[in-house]
Amino acid sequence: MPQNFLEWVWLVPLLPLLSALVMLLVGRSLPRAVVSWLCCGTVGLSFLVSLGIFRTLASLPAAARVYEKVLFTWLPAGMFQTAAGLAEFRIEWGYLVDPLSAVMILVVSGVGFLIHVYSVGYMAHEGGYYRYFGYLNLFMFMMLTLVLANNLLVMFVGWEGVGLCSYFLIGFWFLKKSAADAGKKAFVVNRVGDAGFLLGIFLISTTFGTLSFTQINAAVAAGQLSLGSGVITAITLLLFMGATGKSAQIPLYVWLPDAMEGPTPVSALIHAATMVTAGVYMVARTNALYQLAPLTLEIVAVIGALTAIYAASMGLVQNDIKRVLAYSTISQLGYMFLACGMGAFATGIFHLSTHAYFKALLFLAAGSVMHALSNETDIRKMGGLWNRIPLTARTFLIGGLAIAGIFPLAGFFSKDEILWRTFSNTDYPVGFRQVLWGIGLLTAVMTAFYIFRLVFFSFFGQSRVPREVEHHIHESPPVMTIPLVILAALSIVGGWVGIPAALGGSNPFEDFLAPVFQSHAAAASVEATAQGHGLELGLMGVSLVAAAIGIGIAYLFYLRQPELPDQWAFRFSRLYKLLFNKYYVDELYSAVFVEGPLLGKTMGNSFARFDLKVIDGIGVDGTGWFTRFSSRLSIWWDTWIIDGSVRALGFTVRLLSWPVRVIQTGFVQAYLFLMATGVVVFFFYYVIRYRDEIRQLLQLR
Amino acid sequence: MAELIDALQPYLIPTLRVVIAFLVLSLIAAAMIWIERKVLAHLQVRLGPMRVGPHGLLQPIADTLKLLLKEDIVPAEADRFIFLYAPVISVIAALTPFAFIPFAANDRAPDVNVALLFIVGVSSLGIFGTILGGWASNSHYPLMGALRSTAQLVSYEVALGFALVSALLLGGTLSMRGIVEKQAEFGVWFVFLQPVAFFILFVAALAETNRNPFDLPEAESELVAGFHTEYSGFRFALFFMAEYSAMVLVSAIATTLFLGGWLRPFANTEVVIQGFDVLSLLDWMPVAVFGVITLWLLKEIPGADSNTHRLALLVFAVVFGGVTAALLLPGVLPAVQGVFWFLFKVFIFLFCFIWFRGTFPRYRFDQLMRLGWHFMIPVAIVNVIFCGIGLLLWQQWDWNLAGALWVGNLATLLVALLLAGRTPAGQAA
Amino acid sequence: MMFYQVTFYVLAAIAVVSALLVITRRNPVHSAIFLIVTLLSVAGLYLQLQAEFLAAVQIILYIGGVMVLFLFVILLVNLEVTVRQEPFNRMWWIAGVAALVLLAELAITYYLGRQAFATPVVSAAALQPNTELIGRTLYQTYMLPFEMASLLLLVAMVGAVIMARRR
Amino acid sequence: MVPTSHYLFLSAALLTIGVIGVLTRRNLIVVLMSIELILNAVNINLIAFARQLASVEGHVFAIFVITVAAAEAAVGLGILIAFFRNRETVNTDEIDLLKW
């Protein structure tokens, strides 16, 4: 009975929901053992179900690998005006099983299950045990709903749901102010993106008259919209805005580093493996639209590449182990978007899954380290732990190798796939794609560097652990280490499902996903055959070298000559500070969006502060660079280009924040008045625009 | 013109009734003042008014004249308009409902199918008279009094409403006439099926009409005379009248809902002795009552103080004797049966009001509130629930109606006792 | 039937005029009184529209409940200053203009659909017996919304108590 | 019989008056009263259409509206009292903390 498992798809999200409800209703009074067994059990079960679904799906012929189960009609809202004439707006709550969602639920529930188990050990001594697991399971439900949704609105429910849960979990220790603030920050920043997403949904519904993915794809296949038309570009851009919010891309990435305030397993599950990848998934899910909007794809690619290198550069100098991992997550997400931008959606998903393995592994291992050092996160207070907590250290090393992209670990295949696609994507002009590839390569170097900086800092060298912590360093209990081991294994073999043809593999992963991404998968494979494997192999070699260089520098800096980093930090102190303070972007945002609405005085102050720091920052560091060649040149450069640009920046920022400032009177009736005016205007528009329809409609009575 | 009459037809009768009610009630109010003073006096072993007329029988007239002739003062800082019209609001609110109350089977009261809701609603408008009058006086005691009485009325209106609901459930209709007919059909007054509800209704009524032991809004010892401290003369009289009309109104409602309205006691039971239904003697009750009064008046004549008193007594005796005689005319007795019994019951109620006033000490305000919210309302709600269950048992599993309801009542009493044990308000109750 | 129209127009006029007074009086107590007048005349309109039950509910709940609450609060928050202050805020004129535009638009719409909104041909007894019909609809078709409404009221009550409680 | 459209015009008028009150009055209590006006305008529409369509559902919805109105009034006045206790004012233009 092969269909059976597909019939059971609704179980996948339902199981976690049940235990979540139990937790949040009566959890307080349950003993911890029950809580752990119940929560992990339900997630494990839904993992098994998804495994079954996956196997059933794989057993079907490639063409038949789509199964849509409608549970009930959610919003039967009647007729409404669309670009394609009157259409009936009805939203069905349904689950769509196809290769893409199958892979996703497998990753989500699998990694989720491991992290649940790990949490049992990690949270053992924490209060609010049931609350934690309740939120975690609720998150699983929402995430699975998001992944399985058969239309954009249900997806949006999941989308908001995971945002909510992440808010809960970031602020899990809500008595700690920083945690509560971080939660709020994440929530607010995500609202910005979600607004875009929502607008995109509106636009889609008024364009296609439906939100169901299958129907949208059908409409696209029927050629309802022309390639690169304005509407489709707008839609895709809006959707991508949502993606940048959820997946922490420029400019909305700021919330993710702070989100590390939450418990480490949460960072692993939500802010590394699953939720933050929702944006990538959404882009891949709506690839049919994106493929019609080359402009958007280009933007996606650029944003992805920039985010990748930008975040990596910030990761270089952070001292908080979790923050480094957070920045690395951001930059890896950048890779995924780069892939999507290249139209290689399957590759993006591939990297998504491998990244889920090794990044979850890294986070959990980091958590285990913190566990051993009584919640110390500053790597400068670690070191020499290689033999003190052997299992954790080794698994962490494996994760590091994987993310650095060392053959034959998981990261290698996915990352190189991305780089190769970028390099050899013929949709883009020659210079452009090589530049992107270069950025990707540089990022790879940085990645290898900062990850091994972590490794050497925390596990090798002489111990810098404070005395009082020193004596009770201990390896974590098996309930925590076993998931580590499993994830380590996954990050080794995880990539082998996607061994490219160049290495004699047949990339079954992408073939499996191919039906979801019709055209481009085909195009890509055509390219592959066309260009032969020489180039691909060459690129692999290059990136391997890059990774090696990164590791080498890290080795040189942190094992061979530990004094070097400080010297460099001193010599390029401005640059160092700039990186260390994350380019002052938080300050900038707070200046514009938070304090901007205040009156000019605070504006002036914030800008004065901003200008001061950045002018000095970039300016003097510019001098630092250019004294190498000529101080006069550098002075000229400093005064005119740098200061000028920064002043221009500050000016534009002030200019931009002006309307915000004016509207935000804080006077209730002013807001009400704006609302009323909106009503008036729209009403006016509709009365004029649709007067005949109104007449007809009213005659019907 | 004719069609205008037709159109006005449904509006004429109520208006007429209101006017009549106004006249009758002003008489009743006057009489009530005398009765109240006398009864209170005798409860406290005093004589009460004796000077004006025999046994102070003419006291009401004197009081009325005095009130009407007094100067009608408006405080300087008062909000003039509101101050002047607040009493009118009270009176109107108290009188309008009488348009919808059927006094007898042969009384052609407009039979609106939401009559009860209207009566409750309109009578609840009386609050505005109080609160506005108190506010408009622009003086502290009236303001306090107004606030208190508002809080009190709002709180006890809930309990009152729930008490009414259980009667509605039994009656299955909102029309007053329908409810009475239902009681006739059951052959038992609802008070015997819903004693708890009746009790709640009675207490709530006391609170609604600001009577002892709930007369805080005009607690002399605390705030001079409550919301009508600043009022004098005619307008004061209006407030007074509104208060007594409200008493009569709640009594009328209670009578209709729980005491079988115009129904004679034992309306449809017979005790036949030698082919003669003894209970039918009750039909002669009106004659008996008026006759007794006449005889008493005549008996008083010899021992009266002065000739004027004798004259007055004689006049009263002639009036009552005339009434008795009129009742003996053929056909009159059956015609007035309903009205008589209705008023009879109402007067019993009014007597109870006075009796309570003579008996109970006054609550403290917080006690009052706690009693209302922590005891009356929960009990009332529970009672409604059990009443509903009882009716369900009766209709679905045809239990005996009375039995089911009584079980419900006992359960309610149990709850009440638990509450009483728990909250100090309960002890106060 | 002449009389029917007259009643309507009289009640409507009262409603509109006293509504205007509500928003123009300086003294909140006066506003409250005129609001009561408006509500009463609206209740009268309900009677005309064969909605006795609603009229009763309007009187009991709105006037006997909500408005008393309003007056009560006004008395608690007894502010003489508000009487002397400027009753309107700075943007009154522009807001008024916007609102009037809204009125105009509504008028246009209704004008467009005037045939549709002509006198109904329904027999007067269609909504009778009113209370029973409402009861059945409320407790059968709209059971869930009804329960939700009760829940809403509960929440509102708790919230109000919590917020107004002296701390 | 009065045509439904007249009821609609009446309710439009009440609505507008209510909106003006909400937008322009400074006294928070009066603003709340204006909201009640708006809700009443809605109810008039519902009832008028109930008569036109001979369906009692309009009445039911009007009841819901009244429920919401009651809840809104309770909460609104609760907030108002709490606010008055802190700031000794009920003027809307002195309530501008939304700015932060």
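Think of it as A, B, C and D in the order they're written, each chain with its own count starting at 1.
What we mean here is this: a residue touches a chain if its C-beta (ideal position, glycine included) is under 8 Å from a C-beta of that chain, and two chains touch if they have at least 3 such contacts.
Being a predicted model, the structure only gives us computed values, none of them experimental.
Peer 1: Going by C-alpha centres, which chain is most central here?
Peer 2: Located nearest the centre of all protein C-alpha atoms is chain D.
Peer 1: Average the CA atoms of each chain to get its centre, and name the chain whose centre is farthest from that of chain A.
Peer 2: B
Peer 1: Just the number, please: Cα centre separation of chain C and chain D in whole Å.
Peer 2: Averaging C-alpha atoms per chain gives centres 7 Å apart.
Peer 1: Counting only Cα atoms for the centres, state how far chain B is from chain D in Å.
Peer 2: That pair's centroid distance is 36 Å.
Peer 1: Measuring centre to centre with CA averages, how many angstrom lie between chain B and chain C?
Peer 2: Chain centres of chain B and chain C, defined by C-alpha means, are spaced 32 Å apart.
Peer 1: Nearest whole angstrom, what separates the Cα centre of chain A from the Cα centre of chain C?
Peer 2: 51
Peer 1: Among the residues of chain C, pick out those that touch two or more other chains and give their numbers.
Peer 2: 1, 4, 53, 57, 65, 69, 76, 89, 91, 95, 98-99, 102, 113, 117, 130
Peer 1: Two-or-more-chain contact residues of chain D, please, as numbers and ranges.
Peer 2: If we look for residues of chain D contacting two or more partner chains, we find 19, 23-24, 92-93.
Peer 1: At least two partner chains per residue is the criterion; list those residues in chain B.
Peer 2: Residues: none.
Peer 1: Which chains touch, pair by pair?
Peer 2: Chain pairs that touch: A-C, A-D, B-C, C-D.
Peer 1: Can you list the chain A residues touching chain C in their complex?
Peer 2: Those in contact with chain C are residues 669-670, 673, 676-677, 679-680, 683-684, 687, 691, 694-695, 698-699, 701.
Peer 1: Residue numbers of chain A touching chain D in their complex, please.
Peer 2: Checking each residue of chain A against chain D gives 597-598, 664-669, 671-673, 676.
Peer 1: Any idea which chain C residues touch chain D in the complex?
Peer 2: Interface residues on the chain C side: 1, 4-5, 8, 12, 15-16, 19-20, 22-23, 28, 31-32, 35, 38-39, 42, 45-46, 48-51, 53-54, 57-58, 61-62, 65-66, 69-70, 73-74, 76-77, 79, 82, 85-92, 95-96, 98-100, 102-103, 106-107, 110, 113-114, 117-120, 122-123, 126-127, 130, 133-134, 137-138, 141-142, 145, 149, 152-153, 155-157, 159-164, 166.
Peer 1: Any idea which chain C residues touch chain B in the complex?
Peer 2: Against chain B, chain C makes touches at 1-4, 27, 29-30, 33, 36, 52-53, 55-57, 59-60, 63-65, 67-69, 71-72, 75-76, 78, 129-131.
Peer 1: In their shared complex, at which residues does chain B touch chain C?
Peer 2: 3-4, 7-8, 79, 82, 112-114, 117-118, 120-122, 124-125, 127-128, 131-132, 135, 143, 146-147, 150-151, 153-154, 157, 174
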